[in-house]
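Next come two complexes built around chain A: one with chain B, the other with chain C.
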Partner chain A sequence: MLKTKLRKKGTGFGVIPYVFVFPGMLLFFLIAVVPIFQTIVLSFTDWNGVTALDKINFIGIDNYKTIISGQEFMAALKNNIIWAVVSVTIPIAIGLIQASVIVNSNVKFKNLFQLLLFLPQILSSMIMSIMWLAIYDPASGVLNAVLEVIGLDSLVRPWLGDKDTAIYALLVMSIWMAYGFNTIIYCTAIRAVDQTMYEAATLDGANSLQAFFRITIPSISKTTTTLLLLSLIGAFKVFDVVYQMTKGGPGYYTYVISYYLYQTAFTSNKIGLGCAIAVLLSILVFVVSRVFLRLRKED
Partner chain B sequence: MKKAKTAGAYVFLIISCFFTIFPMLFMLTLSLRTKVDIIKEGVLSIPEKLHFENYIKAWETGHFSTYFSNSIIISVISVVGVLIFATLIAYAMTYYNFRGKGLVNALILIGLIIPFEIVIIPLFYNMKAVGLLGTRAPVYLTHIALNIPFSVFLLKGFIKDIPTALVESARIDGAPELTVLRKIVVPIIKPALVSVIILIFMWTWNDFMLSNIMLGEDNIRTLPLGLSFFKGKFTRDIPLTSAASTIIMTPVLLVYLAFQKYMIKGLSMGAVKG
Partner chain C sequence: MNKRFKKLMAMTIVMAMVIATALMGCGKKDDGGKSTGTVTDGDDITQGKTEFKFISAMADAERTEIIDFVLDQLKEKYPNVTFVNESGEDYNNKAKLAFSSGSGYALVFTDDLGLTALREADYLLELSEYIAERGWEDRQLEGATDFYNQRTPGEKYSVGMNYAPVVVYYNKEIFSELNLSIPTTIDEYENALKIATENGYIGAENCKDNINGWYIQSLVQNKAPFEDVLQWYYLENSSDNMKTAFIESSEIVKKWSDAGYFRKDYEGIDYGDVPTLFAQGNTAMSLDGNWFLYEYENTGLDVGVFAFPGVTDSSEDNYIINPVDTAFAIGKQVDDTQLAVALDFIDLMLSPETAELWLEKGSIPSLDYDFDDLAASPLTQELLAAIQDTKSGFYLDNVRPGFLDVFIKEMQLFLTGEQSAEDMWNRIDEYWHG
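Moving on to the complex of A and B:
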């Protein structure tokens, strides 16, 4: 329909389309497209960021071999996978439950609840990290203080310094950071569900739990898959929190791929190696989202 | 029965909200205490005296006014840049046929899926090579470029819904293309533009990784970055870092409270369309 109304090439508009498109696309091309190829090329070299470009040595797939055989990548990959499993389940479930309680119950102040639940979303990761560092602090953290008060002294520990708890401490924080976004999106989605379906269900004697599983969940499945995909991609790219809270430690217990990339390229100046990590991370994100979308289609 | 259910909903939501805002409240209490009194009395005690001087010290030692203006400059330039470029591209992609349109479409699609990590390393050295390192430009140029695809995608969805007759009749009346865009298209897609403004502003304002890599000098650092360096300097002084965070958080909270309707709507629109 729209297509037939479009003017054919060169019918009166001349250079206008190019004037409109060119500046933005040129900037995008220089900043987002050219570096992709540079990253791929550099990933086969041993460049250190300093030596002249004509002295760069091509070393084949050595960087990739180094990464795959090193302990950093495997440790990081494992943590990213744990991160992904947690972030596609708990924050989405919490968001869904909160949203359906807000929308489908008779509570007042619905806007206030939404407002408060969404609050962490507007904060920068640095501020959130300072909050949670204070909560987990071994000496003056509120978590240890509360455990002592309620008599669970045996659980008191340096949560971020203990190799058994560090990753879970970060995950609890990441859940807190994430669910409010899902809640708000789900609120919008659930409000769009045909209300007469709920009325019909009530007339048929269904309780609210049945309505939730039989009406709400199936009606908003598209929103769910969108949120799942966003969380999944986010989990493989997580960086800020690790950088600000634990620097990957203790040992490699909270190490993640993008922190590995950052350290390799910007702290150790191993540009070639860093680019290879970037390529692997991108392939990983790409494959995971493709597989996910494939699964969604089959459903 | 119904009353009990509503009561249950209240309990659940109040607990949820408490858990959500607790870290903020805890940080607020810490910001009014001293290191010594926290260690001596314990964090759960009620302090005898509130130490507002933490705020003065944080403000005086933190260079936060510099960081604040850097954040404003970078976010405003990024938002304006994205708005102009993305609106022009979205308009052209909807109303014109031109050679290379397929290529532009393909680039936009690539832009929607590539992770930022695949460009950041060479980008840093490119910025260095052209002499932009040491200025704010690498950050806002990158923000603009990387946010164009998403914004074009979002805006195109709205421009497509405008009746073609509206645009055609303006053209027949002899209105130049830029006027058609400004006077007819922009007013209609205003909600989408607002949502782009809010999203891009939030993303650029809160960005950490890109700024951390590109902004080495202290006088061009943004707020999150400045706070990170402040924390590095005063790691063990939790009251002071809490006061600094509260100072930085306050304007953001006020903006959120003032524009929450638009922000929540903008975000949902972005997520649902994008």
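Moving on to the complex of A and C:
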């Protein structure tokens, strides 16, 4: 019997890793953790953002009561839910189909397509808002002009000024901005799928559609749920598109929680109330994410 | 050895980052000026200079030129003062942040809402003594100084400088072709809209936010007794007269909108595009501010201007939106040098020479000087003549911070038929009550 001498390696406390991590953690603590606590504390005050901090008053949960009982929050929440449903599902579906075509077909210039699809990610939301404002402009915009030329005058409308179309007009822009990124991610994921499974499926007589649904989609499910989660969080945080294009209008038809927060805190001089909205939004995003992750785990 | 060298390099980088982070958090203490990275000793930057930091809404080329004209004179008089101009977008939020964080500005030139917020937080210097000493009130047109100081009887915290009228620009060729004369009552205005529309023109330009609000506000200030308007604007009382005036005025504007007197699908048009659309030459009129006078003047069309007739009888006083739009105020934290500079700054801004520059650039000074010999543009002269016999009303949306956004949204819901005028009033009245 061989006796194997096992030599335990020294497991002394290493300081070096913590030294390297410390500056980043310090920065994170100062610019993220401290403001989070400040926000929570301020949400229980009536601070207007103008008076000195030593003159603010604690008002308990009055801010939260104001938010819950007000029609603005409900209108904003409804719009955020619509945004979540549409902006989460459609860009992912488009991204998946496009990636599948790019990877599995014989289309040429695949890299070029991927680059072009990724371009909206590179451009700032300000530039894209200006571009889409020009497209949707009812007086001189491209969209209405094209509709008139092809004889669809009945569809001409003020896309961003019509309560029935405003939020969907913004969502079209949001989908256009998002699906390119999803396509790139899916391309990578699909390329990582074991090719032998496709070979085996072909031998068993499966067609390309069956292979797509029975092999591709299950194999990239983790990528899909990650993208879904990121999109969901993004849908509740949306602000820049709304601010730049509609300011929450017409009426409250594109009013979202982040815009409500901005208006309350910085235009209405109600920082305390704005902080309460921020806390509620954070809780909402947290709950939605946790539910989603729990469902994913169960799957 | 290689490993040790790498560890040493890594440690050095880490220490450098920690030191840099620590230094950033221990920058120069800001005291009325932004950090310039130079060493300070109390108020004085090295070389014995004082920093004079100010902010305003004046960031466009024309008005920056006016500020520079004033600064050049101040720099000569105060060679030991460094001037820092932080004028630009979002000036109100910048001012709020600066004052609440302890630094503040030596001079602010901003609107009623911004100044009220700063005054209520006790950041502004009381100026009665200086106004009297320097004769600033005497240089102003009647009521101009009072406008911003009505909320603090017996005390003055700001000095106004220019009016911001909302007027009607009109296409003279269209008017001539349709034999239209300048409307002097609301019925005549509606008639002009109707005739223009029936003849294939657009009655008036419009957009998704501001313009309908200005129509309503102009009408309200002629329908309600002006005493009620004053009480409403200064948050003293919201009377039934104001409710009736708002409801009736809103219904008039809705009638015009439903009749198609405005550009088709105007609900999707941005305010900034209005002068460009007017320049296409198919629109008879456009309710807009004096700040776009230059744009209307340079459309290539024969453009005129008249005061919006909010009255039903031309013999009545016609109130138009024409408040003293922005005013100067001095931060309470200023030292003696900064105070002297601030007072001279205001003095120069209220001088006849600067007032002439304002006028040449299309702004309307609230100063009581003789501008008859001035080479102002024809449209500017026409505007001055048009508003001469009118009474000055307010931007009612300045009644409270955030009111404008609520007013626009509730107005949009009303104009699209989503709610009644009474519901609209109830919502804005609720906001008025805070």
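Just so it is clear, the second predicted complex is superposed on the first by the 278 of 299 C-alpha atoms of A that agree within 3 Å, B and C clash if a C-alpha of one lies under 4 Å from a C-alpha of the other, contacts with A are read in each partner's own complex, and residues count from 1 in each chain.
Throughout what follows, contacts are C-beta pairs under 8 Å (C-beta built on N, C-alpha and C of every residue); 3 or more make two chains touch, one makes a residue touch a chain.
Keep in mind that what you see is a predicted model, and the values were worked out from it rather than measured.
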Q | Clash or fit, chain B versus chain C on superposed chain A | A | clash
Q. Touching A:Ala52 in the superposition: chain B (first), chain C (second), both, neither?
A. second
Q. Looking at chain A, does chain B or chain C touch a larger number of its residues?
A. B
(Q) Going by the contact rule set out at the top, does A:Ile16 touch chain B (first), chain C (second), both, or neither? (A) both
Q) A:Ala32 contacts which: chain B (first), chain C (second), both, neither? A) first
Q: Figure out whether A:Pro138 sits in contact with chain B (first) or chain C (second), or with both, or with neither.
A: second
Q. So, does A:Ala278 touch the first partner chain B, the second partner chain C, both, or neither?
A. first
(Q) So in the superposed three-chain picture, is A:Asp162 touching just chain B, just chain C, both, or none of them (first/second/both/neither)? (A) second
Q) Regarding the shared-chain residue A:Asn269, is it in contact with chain B (first), chain C (second), both, or neither? A) second
Q: Would you sort A:Leu123 into first (chain B), second (chain C), both or neither based on which partner it touches?
A: first
Q) Hey, which part of chain B ends up inside chain C in the overlay, 171-179, 189-197, 225-233 or 261-269? A) 171-179
Q: Jot down the residues of chain A that show up as touching in both complexes, chain B in one and chain C in the other.
A: 16, 20, 23, 27, 30, 49, 137, 139, 266
(Q) Using the touch definition from the top, list the residues of chain B that touch chain A in their complex. (A) 2, 5-6, 9-10, 12-13, 16-17, 19-21, 23-24, 26-27, 30, 38-39, 42-44, 84-86, 88-89, 91-101, 104, 107, 110-111, 113-126, 141-142, 144-146, 148-149, 160, 164, 168, 177, 202, 205-206, 208-209, 212-213, 223-225, 227-228, 231, 238, 241-242, 245, 248-249, 252-253, 256-257, 260, 263-264, 267-268, 271-272
(Q) Show me the residue ranges of chain A that touch chain B in the complex, using the header's touch definition. (A) 2, 5-9, 13, 16-18, 20-21, 23-25, 27-36, 38-39, 42, 49, 94, 98, 101-102, 105-107, 113-128, 130-132, 134-135, 137, 139-142, 145-146, 149, 176, 180-181, 184-185, 188-189, 208, 223, 226-227, 230, 233, 237, 239-240, 243-244, 258, 261-262, 265-266, 271, 274-275, 278-279, 281-282, 285-286, 289
(Q) So in the complex, the part of chain A that touches chain C is made up of which residues? (A) 16, 19-20, 22-23, 26-27, 30, 48-53, 133, 136-139, 144, 156-163, 247-252, 255, 263-264, 266-270
Q. Which of the residues in chain C come into contact with chain A in the complex?
A. 7, 10-11, 14, 17-18, 21, 25, 93, 96-97, 99-100, 102, 117-118, 120-121, 123, 208-209, 263-270, 273, 277, 400-402, 405, 408-410, 412-413, 416, 418
